[in-house]
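The same chain A turns up in both complexes below, where it pairs with chain B and then with chain C.
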Partner chain A sequence: MRSPMKSVSAGGKLNLFFMEMIIVLFFFSIASAVILNAFAASDRLSRESGRLERMSFCAQSAAEIFSQTGSLSETLEKLFGSNSYDIRGDEYDLQVRLPLTEECAYSPENAELYMIMAVESEEPEGLFKMYIVFTDGSDGEALYDIMAGAYLPGKGTVS
Partner chain B sequence: MNSFNSAESKRLGETVSSAASMTLFLIFAVCCLIIISVAATAYGRISRNYENTFDSTAAVRYITNKIRACGGAEIISENELLLRDVGYSTLIYHSGGAVYERLFPEGDTPVSSGGERLFGAEQLIIEEDGGLVRITVRDGDDVFTAFCKG
Partner chain C sequence: MDVKEKVGKNSRPAGIGTGYLSLMMIFVTLCLTALAALSFSAAENGRRFSVRSADYTAEYYAADLEAKRTLAELDKVVSGYSDYMDFMLLAELDELSGTEYVTLPDGLEVSWKTSINDRQNISCKVKFSADGFEILDWRTVSAGETEEAPLGVWLGE
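Right after this comes the complex of A and B.
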């Protein structure tokens, strides 16, 4: 009895190999697209995780400094160094919007993130509330937010 | 003559088919290598980022939490912090690319040797800044700084 393979000519064998390779390449291209997507997503998540970590440190430090100093301008100076920050509002309701890099460094030229800090108090002395929100520099999406309170008797006003 | 031409074109067809198959196989092999290389690079970057971020952030968080929980914090030097509690004190220090912690009974002089290795970090800087403790940990390209009330 003759083998079925033997009945296929040399050219036919090559054509079969050719077809097999095309099928293999087709599945390989699908698999590689999925794998590359997975790695890209993983890389993006890893970066976002690092960025969130930095934002949480920045917000935590801001809250700690504010609870110690009771002053928004001093908080900004300690966090980001001496600069002219555009703090708006009156003494019991202050707000500032800071352009930051992904490493949470103050950078008016290269704003990858915005840190919005708002301080408010209903009484001249007592509990001050601080809202910190980080937004994406391109689409304004809120990435991280935190609210902190500081009881500052004797501070009178925030500046 | 016709049979000669037919044999010739058949041989040519086989050669072309064979070359095309080999080319496809070559493309397959090259694509495999590229995918493996891209995957290895991405994995290496993710792993490095994760390790650096984990070591630095964990060290900063650990130290700030210890400061908040202790009875009193004293900065001995740029990379030595003594946390006092009832009956014992804890020395956190940096040496040889790592952050260490060692407990001492009350009254003993703290020395920066021995203890338990906590995290790998290239640099640990502890500074006093207007009543706050500023902790900076550097590991690789990552630098994390946090302020904490001492």
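Right after this comes the complex of A and C.
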């Protein structure tokens, strides 16, 4: 008895091969789309976590400098190395909005993030509170915030 | 001579046979799926760790601010007195909840704890004297760091 496979002609085998190839490509394209999505999601997650870590380190550095100096201008000077920031407010309440890159470097031209720092005096005298808020450069969504303090009894107002 | 006779009975036709492509596709898809799952899981773990670390930083500095508030209040109270054995001063210190004090010949030592989260506290100890205050201790301690509790084991008696 002859095998049914052997009975397929050369042209028929070619047709079978192409049909399999089409089915394989179809399933592979669907699987690739799902897998690529998973890779893209993991890339987005790792970017987000890297950015959050950098924001946290930046805020921590600012909080540590502020707790020693109690001064917003000195904190900015030590953190970003320049004194060209636009600090607004009165002697008891100051605020600054800094454009930063994703790496938390000061960059007025390319603002991917904003770091908002606000300092206010509290009772009793010499106690200062600083809010640090990071917002997204495009939609202004708050990404991370911390609150730090300094107690410097000899210091009357914020600077 | 006939072509079929030249090829022989056991020889295979040239090219990829039917089914090899499916097997290869299954193998490649499984490999890619495993890699994607590992990559996603690593990224998710990294993100969870970053969020926890960033939250802890925020909690720590909030607790630090609270501890500094207590210090400022204590300083305000203590600076109004020159005699640290004054009954009124000690009564005012008693009113400040969570603080413990020890009077010394040359000053007053006050200690308190501020909670960072349910597992950790900031433990502070400050010495007030005529020259102002000196921070003796300002460190993070475990919330369970209390008196040594002996384990209920048989000691052979």
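The rule is short, and it goes like this: the second predicted complex is superposed on the first by the 142 of 159 C-alpha atoms of A that agree within 3 Å, B and C clash if a C-alpha of one lies under 4 Å from a C-alpha of the other, contacts with A are read in each partner's own complex, and residues count from 1 in each chain.
Please note the rule applied: a residue touches a chain if its C-beta (ideal position, glycine included) is under 8 Å from a C-beta of that chain, and two chains touch if they have at least 3 such contacts.
Quick caveat, the model's predicted, so the values are computed rather than measured.
Colleague: In the superposed model built on chain A, check whether chain B and chain C fit or clash.
Modeller: The answer is fit.
Colleague: First (chain B), second (chain C), both or neither: which does A:F18 touch?
Modeller: In the superposition, A:F18 contacts chain B only.
Colleague: Using C-alpha centres in the superposed arrangement, which angle lies between chain B and chain C as seen from chain A, in steps of 10 degrees?
Modeller: Taking the centre of chain A as apex, the angle works out to 70 degrees.
Colleague: Does chain B (first) or chain C (second) touch A:E53, or do both, or does neither?
Modeller: After superposing on A, A:E53 lies in contact with both chain B and chain C.
Colleague: In the overlaid three-chain picture, which partner chain does A:D136 touch, first (chain B) or second (chain C), both, or neither?
Modeller: Once the two structures are laid over each other on A, A:D136 reaches no partner at all.
Colleague: Which of the two partners, first being chain B and second being chain C, lies in contact with A:F27: first, second, both, or neither?
Modeller: second
Colleague: Who does A:I65 touch here: chain B (first), chain C (second), both, or neither?
Modeller: first
Colleague: Looking at the overlay, does A:I146 come into contact with chain B only (first), chain C only (second), both, or neither?
Modeller: After superposition on chain A, A:I146 lies in contact with chain C alone.
Colleague: For A:D93 in the superposed arrangement: first (chain B), second (chain C), both or neither?
Modeller: Neither chain B nor chain C is touched by A:D93.
Colleague: Would you give the minimum C-alpha distance from chain B to chain C, in Å, for the three-chain superposition?
Modeller: Least C-alpha distance: 6 Å.
Colleague: Please write out, lowest number first, the residues of chain A touched by both chain B and chain C across the two complexes.
Modeller: In chain A, residues 10, 17, 21, 24, 28, 32, 35, 39, 42-43, 46, 49-50, 53, 60, 67 are touched by chain B and also by chain C.
Colleague: Looking at the complex, which residues from chain C come into contact with chain A?
Modeller: Within the complex, chain C touches chain A at residues 13, 15-16, 18-19, 21-22, 25, 28-29, 32-33, 36-37, 39-40, 42-44, 46-47, 49-51, 53-54, 57-58, 61-62, 64-65, 68-69, 71-73, 75-76, 132.
Colleague: In the complex, go through chain A and note every residue touching chain B.
Modeller: Touch list, chain A to chain B: 10-11, 14-15, 17-18, 21-22, 24-25, 28-29, 32, 35-36, 39-40, 42-43, 46-47, 49-50, 53-54, 57, 60-61, 64-65, 67-69, 74, 78-79, 103.
Colleague: Give the list of chain A residues in touch with chain C in this complex.
Modeller: Touching chain C from chain A are residues 10, 13, 16-17, 20-21, 23-24, 27-28, 31-32, 35, 38-39, 41-43, 45-46, 48-50, 52-53, 55-56, 59-60, 63, 67, 122, 124, 126-127, 129, 144-151, 153.
Colleague: In their complex, what parts of chain B are in touch with chain A?
Modeller: Listed in rising order, the residues are 10, 13-14, 17-18, 20-21, 24-25, 27-28, 31-32, 35, 38-39, 42-43, 45-46, 49-50, 53, 57, 60, 64, 129-132, 142-149.
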